[in-house]
């Protein structure tokens, strides 16, 4: 019998808002899906699209990226820069054939513990429905495969 | 006098007067319709310059060769409108001083060669502006539409087949005037962001990274497309990204030498419909 | 009377070889380029190509291949060799330049230490070359003292018939003979004349060029800078070259398991020779182009008595800025007058 | 199909596994590790083939391989010692490895110092900074059979006192009556209690003025030091053919295939790393 599919999800979050929001969710004893591994960064401005690619390269089924609401950035405008980058990167992934549902973006503040828990739960459910990211797993599998000719 | 002769004469004048130290132009190639980049430093050699509708390569990338402009002397270069836009971007990204560049502008419309008037990049604002108006006529609209109609899965399969051909020769990168980094991200190994191997994952990642780094910067000169020895439709991805950037940020790359790079600037009211 | 193979019978041959467990490979079109690849039917072949875009090299030395797999355990490390898929192969419809390229690289891969990956594939392959009846502006085998019907590196040479209906068969080696014995019933005796082989114009004076390259003072000649000024430093010439053999070794994986791979690498990249300290013995593009030419026509023949160039002309044909070995040696020929 | 016309050999890219049995910090960022073979077959091969001057490819799976010399002498083959500076991806991984950890080793590769030809001669070792390890292999190979050689002089310099490697061995050599050790640091690199010389290696060498008669010189160091030391040796009257040095280039395969280490027609991995100054002077200097 095969085990039920549990998606592996990587979250890149900024330390000032979303990570604090996650903290709040924790201290408020909110339950949320355990499928997400959080990676904390100083600011969404630091979340390079390379990180998202790296997460996929290492076998993530979904990636989520989250930071301070516009106007709330600790560094005043890191999240505005990030927003533009995501906009473009998202379009690129879509054109290349990586379903946009696999990479999600959100603003979650330090006060939004509930939103954090709900966001994690809904993303996990969405990815679970999508199933394993088989196409990418195929690419990863190719790196292990013996030469074909 | 043909445009070729006019430009030869102008090159001779600039070189003999010392106004420029070098003219980067086109010379005869191996076969009848091939043109190769040539570098003229002596007024006696201007006869080697060729200008016709086979002059396609965007020569602007040579301007950022290590040390070329560091003596603050001027360099002249043959450029099509895309090449002129490339100068704007290079100047906007502080890679060169646009005042050092003397432009021999030309364009080909309906197989007819015409000279573009002007010397420095800002004098070509009209020509470049018109590109913005009649969004560059991209050859393979058909293929683009076909891809856009595909499902995500089909698109993934389409690009995987194309990228599978990639041999990681980096001709696309080396031919691109916008890829001027002294050390490309794929050449960094601590950490190793992208697999250097040219297996399907490594190729896929490399092509995503390349396209992303050119988003909002590509002038669609087609150097990458022509350089690719395995015929991956690279320009198509760049074009698609240009369309996206135009739609999202009303930005066309290379409009002026003071234009802010699209991904190094922002507006507070940028669209964010996709953010939850 | 000699043996001929008719094109009509080729599909029978492919069937027969495949039935015998042999992988049949040849020039085909794949996603907008031409390559040597495995086929199911003879109809997939395109023998009309001057030569495929990509060389035969990748059948013996692929752009990336796993060499070792590792597994790190508590008290030991397991290293598992990943050998190429084993099994006989027939490369049908190679060109003389491609086939000789493989023979040129044999001594390098066997230089004291034998490269098992290369030799396993070499040992299991039969190369059936078709003599060229057409050439393009970039072909230059004759400049390297070879011909469109040279036999070096080939196991069988096929000469196209004048009537275009098939090929005259010349078995050159035991392996070639063995492969063709299996399809003997599809061969026939005929007196048909072979077509004229392609006329490839001699483009440079090899002997004079080599003599120039061998003079130590020419290493520092201004020529190198001038000829390579437009080189953009990509690797398309080296990667498409049938004889360029340089590679990189890269690990992919994590602390516990992964793969060590052998990847193509190129002398045109600055990183190729860069020391960790930042010192780079070949720090300029002209030094790197000089290395490529010197290596092919001076250093390599010095070690293995053969030029590391088989005259396919892919370097010039594919160069984004119209450079290549032909032009460089033409210019050197002029210098050495 | 037909019989194998190519000999098959063991896979040349498959490394031996070695265990780190000791490690020692030598200078900031510089570390020495002592390694032992896990597999006796690999050890036996090493014992049979290793001669002083040869190098190896030390690796950590997942990171890659890095080339440096075997710093231990050919007279002590129970283990391998290597000394490296942490500077890139592989050396960082090696530096992170602890005693008891396993690493990979390929080799020994390359040529060697022909020390039989040095019998009965005076020896002059000149070395700078992190380049003492290759010299040290020769030094101990000779000191372990001290009676076969004449006078032994070692000139070693580093940028600062802290940068001197093998400090404990330097003390040992200093105390030996059959070795003359000349230690120096670059001007400004001395510590308050530094009692040895201050100055660049070539200058110090000229001051020490060893006699070129019946003498073999072995020099290892950064390219700039080698360049000026060769000039000094010439001034002192040394014949280029009696001066040995090692070249180091980036390598991947170590066995003459991957194509990056050559200087002119010379493959450093196969025909080097040991060359006489006369041989080096025939190479294209721009490619060094």
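All chains are identified by letter, namely A, B, C and D, in their written order; residue positions are counted from 1 within each chain.
Criterion: contacts are C-beta pairs under 8 Å (C-beta built on N, C-alpha and C of every residue); 3 or more make two chains touch, one makes a residue touch a chain.
Remember, it's a predicted structure, so these values are computed and weren't measured experimentally.
J.: If you tally contacting C-beta pairs, which comes out ahead, A-B or B-C? Let me know.
T.: Per the contact counts, A-B leads.
J.: So the centre of each chain is just the mean of its C-alpha atoms; given that, what is the distance between chain A and chain B in Å?
T.: 33
J.: Could you please state the distance in Å, as a whole number, between where the Cα atoms of chain B are centred and where those of chain D are centred?
T.: 48
J.: Tell me, which residues of chain D touch at least two other chains?
T.: 88
J.: By the touch rule stated above, which residues of chain A touch at least two different other chains?
T.: In chain A, 143 touch at least two other chains.
J.: On chain B, where are the residues touching two or more other chains?
T.: 195, 197, 199, 202
J.: Sort out which chains touch which and give me every pair.
T.: Final set of chain pairs in contact is A-B, A-C, B-C, B-D, C-D.
J.: List the residues on chain C that touch chain D in their complex, please.
T.: Within the complex, chain C touches chain D at residues 67-68, 70, 72, 76-77, 79, 81, 88, 108-116, 119-120, 122-124, 126, 174-175, 178-179, 216, 219-220, 245-251, 253-255, 258, 260, 262, 265, 267, 272-277, 279, 281-282, 287, 291, 294-295, 298-299, 302-303.
J.: Enumerate the contact residues on chain A facing chain C in the complex.
T.: Those in contact with chain C are residues 143-149.
J.: In the complex, go through chain C and note every residue touching chain A.
T.: Touch list, chain C to chain A: 23, 25, 38, 58-59, 62, 65-66, 69, 82-85, 252, 259.
J.: In the complex of these two chains, what residues of chain C are touching chain B?
T.: Those residues of chain C that touch chain B are 30-33, 53-54, 63-64, 137-138, 229-230, 232-236, 238-240, 248, 250, 252, 261, 263-264, 266, 269, 271, 316, 318, 320-324, 326-327.
J.: Quick check on the complex: what are the chain B residues that touch chain C?
T.: Residues of chain B touching chain C: 29-31, 34-39, 57, 61-62, 161-162, 164-165, 167-171, 173-175, 187, 195-199, 202, 223, 226-227, 229-231.
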